[in-house]
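We call the chains A, B, C and D, going by the order they appear; numbering starts again at 1 in every chain.
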Amino acid sequence: MPNFGFSIHSPTHIDLDKNYRTIFNYVKVKEPSIQKCIFCGSCSATCTASNYSAMSLRKVNLLLHRGMVQEVRSLTEQCLLCGKCYLVCPRNVNTRRIILLIHEALKMPLS
Amino acid sequence: MPRIAVIGGGVAGMEVAFRLSQLSFEVDIIEKSFILGGHVHKWQKLFPDFTPAHQIVDQLKNQLRDKVNILFGNEVIKAEQENTKHILYLSDGTTQVYDAIVITTGFKLFNANRKEEYGYSVYPNVITSSELEEYFQNDKPIITKENRIVERIAFIHCVGSRDEKVGNRHCSKVCCITAVKQAIEVAQRNPDAEIYLFYMDLRMFDRKFEDLYLQAQTEYGIKFVRGRLSEVSEKADSRLFLKLEDTLLGKPLRLTVDLVVLMVGMETAENSIQLANALGIPVGQDNFMLPVNCHSQKNITGNRGIFVAGCASGPKSIGETLADARSAALEVYSYLNCN
Amino acid sequence: MKNRGKQLIWQNYQKDIADDHFFYVRSCIRQNFFPGAETTFLRILKDVLNKDVYDDPSHTTCTGIGYHTDIVPLETTMTVVARQFALMTEKGYKNFIPSCVTSFGLYLEILETWHNYPEVLEKTRSNLMLATGRSFVLPENIVHASDVIYKFRSEIAKKAKYRLVNIHTGKPLKVVEHIGCHYAKMFPDKSVGGAEFPRVLSGIIEEWGGEVIDYPERRHCCGFGFRQYFIKANRGYTFSSVKKKFDSMSPYEPDLIVTNCPGCNVFLDKGQYVISEQEGIVYSRDGYGIPVLTFEELTGVVLGFDPWDIGLQVHQVSVEPLLDKIGVKYDIQKKYTDKNNRLLGKPVKPTLLKTL
Amino acid sequence: MKFDWFVLPFLSGLSFVTVYTSVKFYRWINKLSRGEKALLKKYIFSRSIWTSIKEIFSESLFHLKIFKTHPLLGYMHASLAFGWFLLIVLGNIEVKFYSEYSINPPYVPIFLNFFEPTTAPNFFGRGFRFIMDFLLLIILSGVALAFFKRFVPSKFGMKQNMRHRWFDRIAIFSLWFIFPARLVAESLSASIYHNGSFLTNTLGKMMSFLPAETLLYPSWWAYSIILGIFFFALPFSRYMHIPTEVLLILMRNAGIRSRYFSHPYQEVETEACSRCGICIDSCQLTSIGYAIQPSYYLRTIRYNELHREITDNCLLCGRCVEACPVGIFSTDIRRHERTLQHEMRTVKFKFNQNKFSNTYTEVLYFAGCMTHLTPGIKKAMTTILEHSGYSWQILDEDENICCGRPLLLAGQISAANQVIIHTRTQIEKTRAKILVTSCPICYKTFKENYRLNMLIMHHSQFIDHLYTHNRIATQYRNVNVKYHDPCELGRGANIYVEPRRVIEQIANLLPSSSEKNKAPCCGGSLGNTMLQAEEKKLIAKRALSEMNLTSADLLVTACPLCLKTFSAVSSVSVKDLSQLVAENICEKIPNNAQKIHKAVETL
């Protein structure tokens, strides 16, 4: 192939027609409170892990909702399960269980 | 006995007329169409508790029975004022003289054609929230115009509200909760449909609204995405391709849906500006009637003897409209009895 | 596009198009992309529609590209545009038709500026007088060349030898029309049909028997956008736009793409080669890609001109499959020969994209 | 040699049980590591074996712990267990008086009445007859009580019965029918040979109208068959508890503990659980309708049913371990299984090292991540530290880092270790003498997993230390206070005295019905990841009513999590111990510097 000096960027948009929410559905069945999240961000603000990593449960939750799973693993691994997020969540989302379920799901060969 | 004109036979008009008749005034309702109830007449279930709309309309109609005379199919063409009397020239040629006038002209739904890029009236499966209400007359699953069961549906908030492009900077405040209500009604009819609500800010401003929002999330798995729709186009199989941005993730978002519901906002009623000029009362920047003071004199307009109630002075829920109507009736009473 | 709703919208975007005595302003880059396009346009107007068209050899570029890439200051551009109008006034014409959409957009922009700021118009008049000693009158009617074809689309249809119909299947050709952004998006009311559902090319296609496809990325820019294309590092952005458009239209399997702007035609045509090389995708079943014609070339084909006279051999995507579908007679041997049959040389064959 | 066919069911049952149990014991012991085997062997042949023997008698036979739970329940167990034990022992002695052979097949003492129908004329014969009848009566009373317990558990101090499965029910019923069958058999033979005593003779007379001769032999057959059924059912039912508990006591006293899931000691514990159901009432999840208590949990492990949710749905508060008469550490089993489920070896934490200070101070206060959500505690602790006269600093003032225990509780060991190593290095960098933390969860981890060579104190201990060394003084407030023992501080770390001593300095501490090791869990425990918010609230409310605070003006606790959980539901105001102290601290204290200096060395 001749050297064009540029490459064609692949689209960076979230394509809800293609993104499969398998992990979200896996978690939702076992922990329905994930649906109550209104992405207000108080969990990420108080998060202990956010002091040394990019971990933000709001973002993790959103990525799951949108079926974008690549980033989820590196974020949820930093979680210390300390439960501060649960204490501040205005919607009583069972945050720690969601993290554990994500870890479980990431170990499974979910498509 | 003083005579009072109530311009507009919607929910506000009926309530004002009834209350005034209770205060033993002679009341005429001047209604442009031939049925009472206005917009509420066309709705099936009301937020937040799904009471049937006709129940409210019938209740208000029954109150009125032969206590008030109703001039159907009539509009105010011209108005004049002689010291405390108001002369109204009606479209059926007659002229009436009244001691006080209450404007309850209500609102008009934003004409979604003006948001061309949303493809309303271009793509058959782009409908407005009031058109969706007609689907709810029965419990059958919601289908597209090509009789395909809707598997994915998108509700678009703030269509014609909070939008300088169409000259409506105001928020119509009831479309958010209407979207949640309608989303639940769709979810009840199409249990495995994926339902998205695309919003800028969710304004659940009244009691039990937040509960409905939570119920929508948990019981019906309805998804709320913060992002304003930019454009709708049609795909090969006539499904609709939406372009948005997920502002919480800061990434563009694309999806295909079967049906797009535009939550059209409220604008001032049809030719209500002409009426306001005819009656000599000011109109706000959002073209709704402007009361003298938005705190203590919400029903009193700049012109003595002329009052305003209901959505004519800005978007309101039905509960607020009825309360506003009752307060207008009292204002009229104190105006006629105390001066 | 026969959808009743779209026709509703076209109603409020009508403009009057002059019917004769045109002062034709050529494009500066079009001749080297598609050399036959402009001569074909003149031939159509003069020979077929026998209109009075004046092609002034002394008019210059409108400096649009320089202006859009911040190289040419606005005042210089205004003076050059004023000189074009001066040439027209001197030749006694009032209907100004630019052949390139970028110029069309620029002329409108400058006329709008002059309209809102008369003092700038006066300054330009004095600049022109100082520089060239010329004065000018604003054109009475300024439309794009494709508007003219749109206006006379039914006359052309009557004189046409071919229809945009697949002679083998009898079905109308599926045609994608792409409107240059500067045609309607800058001044929607100066276009035929507005910005959302432009009518100028779709009108022509439907008149000549074709079926227009309304695919989701129909209004997406072809990616020329000057700043993107001129800087090599940004060129990837151009071709990702092109790929986005082709991905969106491919489910419809169009037979033909029609454009009315030099930039779009280049990138939709040559973009298919770049995408085939870099992404290994060809957007047609037969592997030849989707032919891209300018509106003049299409008119020429429909009127039965010889394809090689129109200059279709310069296209990256071979047009022969399209010509076979329409039933146009052509001599494949003469594709790369000059007037006196000397072979000019054949282009190198791409690795994936099939060419004839 | 005496023999009759009817002994066969009993004999085959007995031999099956003996073989099965010995094979099982052998396999368990064999699975122990070499070190553990040596430990066991050394223990068995050491003098301290007597403690185990004493414990076997007091627990396996007398069930003393169950007496403490409820006397009637205790008697029921003791009568059955110890009664039957004596019946067998005395039966074997009685045999010596009759048969001429010194060694007899095992069934003879059980069916002596059949083989020697005529009682030995001398005093011993009749004496033994009397004792055997008496023992049988005791056991029968136990069986009757067991039967009534099915219908009226509350009389036995139990709110509800254990819901058994069918294989347990077979074992229960067969056990219940053994002794009535013996009674019938001996009474029939007594009605013929008058060889019984007060019980069997009288019953024999009453049954004289029956054709005793024809019924006698079948009754012995029935007795033998029921015994056989019981022995065959035993290894697969809850009664495997009978032999296994003995082995468990030996192993536990030898110091063996389960270190990973399905460790042999854990298997012994799982089989030693008799599913008596006592742990059900102690668990606060029972009242919310969850059957996750050890009785059910160990049953799912033993019959390896799917139980992922049960493992996670437990507060790990330790009340069931306190209540368990067999002393099974079910919380350890649960934690080990959680490691199996949730361990993530690939985790790599990206801590930023330079965030911590390394200035030296005597006291290092570790607030813990939870305390950042209860600023009241942090403010109180700062006031106290200011008054303490020690140089101090807060380790995680802004950069809040976790102690690692929540990861341990969830079973993510490798992740926890990384956190522990990181936090330990930060702590050791300050070279402090005393590490104080206001969170019992952190305290327990610092004590057990950190191996820090400094003094580790929960803030209740530290304040108590400040009192005893009169570094701080407080005014007395005539306020009625009740103290809630946080699970991780009380049961978790055995700290009951210091918090009470501190409170008594300031207010009048009222005893509460369930406190110290019986204190309820506030429901907010990090051990449970399954409970929803409403359920946690319910647990908290019921815990408050269990402690009945009607007479108290203030509830004091010593854990930020308990504070947060209780204050959301309690009508009585809730404060942390440090807040109570800080609010009543006096400004001036006698300043005898040298006493302070000496104090540090004595610690």
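Structural remarks
Just so it is clear, a contact is a pair of C-beta atoms (placed from the backbone, for glycine too) under 8 Å apart; a residue touches a chain by one contact, two chains touch by 3 or more.
All of these numbers come straight from a predicted model, not from anything done at the bench.
Pairs A-C and A-D differ in how many C-beta pairs touch across them, and the larger number is found at A-D.
Relative to the whole-protein C-alpha centroid, the nearest chain centroid is that of A. Of all chains, the one whose mean C-alpha position sits at the greatest distance from that of chain D is C. Our note on geometry: chain A versus chain C, Cα centroid distance of 48 Å, whole angstroms.
With centres set at the average Cα position, the gap from chain C to chain D is 87 Å.
Per-chain Cα centroids separate chain A from chain B by 39 Å.
Counting partners per residue, chain A has 33 as the residues that reach two or more other chains.
In chain D, no residue touches at least two other chains. Annotation, chain-chain contacts: A-B, A-C, A-D, B-C (touch as defined at the top). Note for the complex: chain B touches chain C at residues 113, 116-117, 119, 121-123, 231, 233-236, 241. By the touch rule above, chain C contacts chain A in their complex via residues 232-237, 239-240, 243-244, 274-275, 277-279, 351. If you check the complex, the residues on chain A that touch chain D are 33, 46, 48, 51-53, 77-78, 80-84, 87-88, 92, 94, 96-97, 100, 103-104.
Looking at the complex, you find that chain C touches chain B at residues 3, 5-6, 8-9, 194, 196-197, 214-219, 251-252.
By the touch rule above, chain D contacts chain A in their complex via residues 312, 341-342, 344, 346-352, 355, 369-370, 372-373, 399-402, 404, 406-407, 409-410, 412, 415, 419, 526, 529-534, 561, 564.
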